[in-house]
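By written order: A, B, C and D. Residues from 1 in each chain.
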Amino acid sequence: MKPTLHNRKTMVLGRPNGDTPVRAACEIIARRREGAYWTVSLSAPDIAERAHPGQFVNVAVSGPGTLLRRPFSISRVSRQGPAAGTVDFVFDAHGPGTGWLADRTAHDVLDVVGPLGNPFPLPRQKVSCLLVGGGYGVAPLFFLAEELRREGLRVDMIVGAATHERIFNAIEAKRITASVTFTTDDGSFGEEGRVTDVLEQVAKDCGTGVVYACGPMPMLRAVAEQCQELELPSQIATEEHMACGVGVCWTCVIPTRTKDGSVRMKRSCIDGPVFNGARIAWENSRWEVGGPLVTGADQPIEEPPPRPTDDELWGNA
Amino acid sequence: MKPTLHNRKTMVLGRPNGDTPVRAACEIIARRREGAYWTVSLSAPDIAERAHPGQFVNVAVSGPGTLLRRPFSISRVSRQGPAAGTVDFVFDAHGPGTGWLADRTAHDVLDVVGPLGNPFPLPRQKVSCLLVGGGYGVAPLFFLAEELRREGLRVDMIVGAATHERIFNAIEAKRITASVTFTTDDGSFGEEGRVTDVLEQVAKDCGTGVVYACGPMPMLRAVAEQCQELELPSQIATEEHMACGVGVCWTCVIPTRTKDGSVRMKRSCIDGPVFNGARIAWENSRWEVGGPLVTGADQPIEEPPPRPTDDELWGNA
Amino acid sequence: MTDVRRVEAPPPPVSEEDAADLSAVDLRIDLGGVTLANPITTASGCFASGSEIDRFFDISVLGALVVKSITLEPREGLPTPRMAETPSGMLNAIGLQNPGVDRWIAKDLAWLQGKDVPVIVSIAGKSVDDFRQVAAKLRGRAGIVGVEVNLSCPNVEHRGLVFACAADPAGEVIRAVRRELPDLPIFGKLTPDVTDITAIARAVVDAGATGLSLINTTLGMAIDPETGRPRLANTYGGLSGPAIRPIAIRAVHQVHTALPDVPLIGMGGIRTVEDVVEIVRAGATAVAIGTATFADPFVTQQLVTDLRRWMAVRGFSRMDELRGKVFPRV
Amino acid sequence: MTDVRRVEAPPPPVSEEDAADLSAVDLRIDLGGVTLANPITTASGCFASGSEIDRFFDISVLGALVVKSITLEPREGLPTPRMAETPSGMLNAIGLQNPGVDRWIAKDLAWLQGKDVPVIVSIAGKSVDDFRQVAAKLRGRAGIVGVEVNLSCPNVEHRGLVFACAADPAGEVIRAVRRELPDLPIFGKLTPDVTDITAIARAVVDAGATGLSLINTTLGMAIDPETGRPRLANTYGGLSGPAIRPIAIRAVHQVHTALPDVPLIGMGGIRTVEDVVEIVRAGATAVAIGTATFADPFVTQQLVTDLRRWMAVRGFSRMDELRGKVFPRV
C-alpha cells in the first residue's frame, strides 16, 4: 500500500500527477450573494492547477440523511496573483444540499472532489464564439470566455434567466465580451423572451462560428436543436442527476448518437458533461423544449455559409 | 384544532399548564468544559419553571442519519436572579450525538423536550441524606442537594469516578454538603476504590437515613443492593436506552418488583427514571456488578437501627 | 432529505386570504366506511394509547388513533436493550409489552372514551384463537371504529414464522377476527419481508379484511463492533424510520396498483407533510406516523396543520385529488 | 451514526511501536479457495471495472475487484432519472448498462489484466442460457479468480420475477454456470426481498455455488410530492446505502448461522471500519463496498488501512478471529 497522499499540510488525497482529480479539504475563502445566487471561493490549489472550463467539482454536503455529493460547475480559478489557488463556483440554493451550503461561512472547510469531467474543447480554428447561458449556467461560461479570449478569439454572449434577479453578474458579462444580449422571461431585464428567441439574430450579427451553452436542460435542448438547424456547431454542458460524479455508477447518462446513428448512453460525469450538441440524441432524452422556445425554428435559413466539420473544429471531442 | 402554542416569542410548544413537558427552542447561554465533561446552560424559562431534580431533558442532535433525541439529566435550574430561566445539563462527549453537542457554541439553538420523567421524591421525614454519584451522574445530585437543603435536611455525598479528571466539580460538591468522600478507581483523587467501598462507613459516620444515587448502571445496582443489605432506603436514577423519552415506545424499561413479588417492566422515561432501589429487580436486568464493587457486602450489619417504611418515607413514590 | 429537526418558527398568523383557502380544504377521508376528520393517524406501538402524548397536545385533533398492539394476556416483553439507532432509522424489539386486553379495556379504552378521537385497536396473538378471543372482547365497545390485525407476530403453531409471511395463516386469522366482529372495519397489517406482498394482501382481503395497513418494520440487526454483542437483547429487531420510507412507498404503490379499491393505512418513515403527500399519492387513504413521534411528540398534530396548508397553497380541496395520483414520466 | 463525511486529517505518521503492531496483522482471507490480500472488495455496479477509480489511487491495494454485471449482449439500460437520494440511502435503476461480454473482455478485462488485482466477474442475464453463455466466454481467462452470479435479474422466462426470488430458478442458473466453469469459485448474489433468504441460500449452494454474496439492493420507490411523478424513470429501483445496513447485517447473520461453512461476500451500507467489522462479525468473509464509493472515491483504499489499524490497536491478528464472532448478551 503506497500512500497516495501527496500533500499532507492541506489534506489532499490523490495521484501526484496533474491530470487526475483529487479529494481535498478546502477552506472557504469568501462567499457572497450575487443576485439570486451564491458564489463560493475555495482555497483549492490542487484543483485550481488542474481545472479547465466546463469541468465541475463534487462537494460533500451535510444534513440529516444526506449521503451523496453535489456537483457544481467551476466558474473561475486563479492560478496567480493574490487569490492564487482558489476555485469558485456559483449556486442556487433551492434544496437541502444547496441550502446547507448557503449556511456555510468563510473559514468553514468543504470536502471537495475535482476537477471532474471533460472540459469544453477549444476550437482549433479562428472562429467567433457565442456563449449562451441560462441562470447559474452563465457562471462557468465566464471561465470559458477567459480562455477563449486568451486564445485570441472573439466572444459574444447571450445571457438569459426568468427574471432580472436571476441574471447572473451582468457587469462581468459585459466586461468580458464583445457583445452581450440579455433575455428574461418576464422582460424585467434585456429582451423579453428566451435565449433562443435572439440566438439566430445574434449569431448573424456577430458572425458566430461556434456556440457554447450551459444552463437548464430544456434550454440546452432548444439551443442545440436551433444550432443544428442553423448549422452552427455547438458544445453543450449538460446536467443530469449524478450519484458518484466519477464514472462508476452509470446514473448520469445522456443519450448520444454514434457516427453510425445508434444511440449510446454516455456518462455525463466522465464522457461529459460537455457534449457536441449535434451528437446528443435529444429525442431519446427526457428533456422537452417548452412551447415558446422553438418559435422561429422552422424558418428556412438563407445563404448557409460554409461551415467547418466537427473534426476540423474539435478534433476528437 | 386549537393552537397549543402558548408562547410564540420563544417558540415553545405545549400545554399552558405547569405540570406537563414542553418542546422549546432553547438558546445556549453558556457552555464550558468541567474536567472531562461539558456543561451547557440553556435559556429555557418554561422548562426551568416546571423542572424538579431527577428529571431530564431530551435534546435533538444532528449529524448524518441521526434520528433520535439524547436524554440528559437536569443538573441545575435558575428561577430567579441574573440567570433566571436557565436550565443546565452536564455531558460526557463520547459518541456522535454528544460529539455534535460538544461542537455547539453560545447562541446556537437546541431543540429540547422537557422536563421529562419523575423527580426524586423528597423524604417526608427529617432524615440525613447521602447522595452517591458516579461520573456525570453527580451533576443532577447537586440540583437535588439544593432542594434537600432547602427542606432543612443534612446532605452528605460520595463522589466516584474512574480518574481524578472524571470527578465532576469537586469544589461544588464540598460547598453544598456536610461531608463529601471522593473515590477513584485508580486512586488519583480521594480514596482508591469504588463508591461502594466507602458507602457503609460513610453512612454510619453520617447517620444516613436515605440514599440517593445517580451514575452508571452497574454502580447503581451495587449501591442499591448494598443499601438493601444495610436496610437503607434508596432512590435510584436509572439510565436505559430511550427512543422517545415520553412514554410511548416501551424501549426504556427497567424490571421492577411489585408488592406481590412479580416482575413488571416499567418505562424509565415516565414511570422513572427514579425508582425505589429496593423495588428494582436487578437480577432480571442486564446490569452486572463488577467484582471489586461488592466486597464487604457480605459482612453482617450490626445493630440495625429502626428504619421508616417506604410508605412512611416516600408516600406512593 | 427533508428531515428537519430544528424547532421551526411557528407559521405566521394566518391572513384572511389564507384563511379562506384553508377553509376550502376538506381533509376528511372515508376509511372503509368510517369517516375520519383527517388522514393522520398513529402507528401502533408508537403512540401507546394516547394519554402520554395528550400531555403535549389535545390528541382529538388526529384523524384516528391506532393503539399499541393488545394481546389476550398481559405481556412484559423482552429484555433490554430493546432499541438501537441506525442511519436514518432505528431497530426495536419490544416483544409486544402490553397490559392484556382486559386491563387495557378497563384503563386505556376508558380514558380514550373520554376523548373525542376515533380509536383503531391493534390486536396481536400467538395463535389464531388468541386473535379471536381478543377480538371478541372488543365487540360493541364505544369509541372503537376499527381493528388492526397485527399479522407480523410469530405464529407458535407454525414454527414461529410470522402470520403475514404466508397467505394461509394470515387469511385464517382474519377470518377468525371477522367472525367475532362482523360489522367493524378490519385492517390486516402486513410485513414487507415477503417475496410478494400483493399475494398476501389479496389473501387477507379475500379472507374478509376491509383494508390493509402497510408496512410493519422490516427485520434487521446491528452488532457492536467492539464487543461483538448484538445491539438488541433479542438479536434481531424491526427497522423503522425514514430509512425504510422507500420500501413503504413501494409496498403501498404495489398493493394499491393490485387492489385499487382497498383502503390502505400507509406508514413507514413518514415525518413531513411532503412524506404524507408522497404516501397518499402512492395509494394510502390514511397515513400512520410511527418513529417520527419519538423525535417530535408534536409531529402528528403539526402534520394535520401542515397538510391543510400544503393543499390550500396548491389549490387541492379533497384528499381523493391526491390519493393514488402517480403520473408516469413523459 | 458514524457516517463521517468531512475530510479527516490523515493519521499521524506511524511510530515504530505502532509499526510493529500493524505488521502483526495479517489481513489475508481465504475466499472459497482463493487467497486475497485483504477482505475489502467492491460491490458490483459501484466501481465500474476499476479504471475510473484507479485515477484516484492504485486499485491493486484492494483484496479483489467485483466488476459491474456483464451480460451477453451490450445493454444501454434504462432512461433517466436513474437515481434518487433517500434518507441515508439512494435508489437506483440503471438497467444493467454494460458493453456486453465480448467488448468487456477486449477492453476492460485487458486493462485489469495489466493491474495486479484479483477480479471477480459479476454476470447477469435474462434467461438461464444467457448466464451460461457469458460464463462460457470467461473460461480460462487470466486474472479472473471468481464469478458472481447476479441472481437479482428479472427472469423473462418466468413472468419477469427475479431469479433469486425462488429456489428453483436460482439453482438452475448456478448449475448452468457451474457446468461452464467447473474450477472457478462461484458466488450467488441474493436479494433480501424474499420471505426466507436462508432457503434460497441453501438452494444456491446445493446447486454448486462456492459461496454467496449478500445483499443486493432492496426494492423501493420515491415519488415527487409536487408533480406526482416517480423519481425514477423506472418507477421502482434498488435501495442501497447505510439505510439498509441493518437488513444486510441480519441477512448475513441468518445465512451464516444456517450455513456456517459457506464463504460470504457481505455488503449493504458498509462505509466505515466499524461497519466492516460489524458485517465480518455477522459472518462475512469478504466485504464489498458499494454506495460509499460514490460519497468518497477513496473509501475502499482507506478501509484497508483503517482495518489493519483497528485490528492492531485491539490485538487482533487474523480475520478469522473476527469472522462470525457474535457473542450472546449476558
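A few points about this structure:
By definition in this document, a contact is a pair of C-beta atoms (placed from the backbone, for glycine too) under 8 Å apart; a residue touches a chain by one contact, two chains touch by 3 or more.
The shown structure was predicted, so the numbers you read here are calculated from the model rather than taken from an experiment.
Should one ask which of A-C and A-D has more C-beta pairs in contact, the pair is A-D.
Chain centres were defined as the mean of their Cα atoms; on that basis the chain farthest from subunit C turns out to be A. Subunit A and subunit C have CA centres that are 47 Å apart.
Chain centres here are Cα means. That of subunit A falls 35 Å from that of subunit D.
Remark: subunit A and subunit B have CA centroids separated by 58 Å (rounded to whole angstrom).
Residue numbers of subunit C whose C-beta contacts span two or more other chains: 1, 3, 5, 79, 85-89, 233, 241-242, 329. The multi-chain contact residues of subunit A, meaning those touching 2 or more other chains, are 62-67, 286. Taken as a contact graph, with one node per protein chain and an edge wherever two chains touch, the assembly is complete, since every chain touches every other chain. Against subunit D, in their complex, subunit A makes its touches with residues 1-2, 4-5, 8, 11, 13-15, 20-25, 60, 62, 64-69, 109, 111, 113, 240-254, 263-265, 270, 284-286. If you check the complex, the residues on subunit A that touch subunit C are 63-66, 95-96, 286, 288.
Residues of subunit C that touch subunit A in their complex: 1-5, 87-88, 242, 329-330. Against subunit C, in their complex, subunit D makes its touches with residues 1, 3, 79, 85-89, 91, 165-166, 193-196, 218-223, 225, 227-230, 233, 235-236, 239, 241-247, 249-250, 253, 269, 274-275, 277-278, 281-282, 325-329. Of all the residues in subunit D, the ones that touch subunit A in their complex are 3, 5-7, 9-10, 45-48, 52-53, 55-58, 61, 68, 76-77, 79-90, 92, 94, 97, 233, 241-242, 291, 293-298, 301, 304-305.
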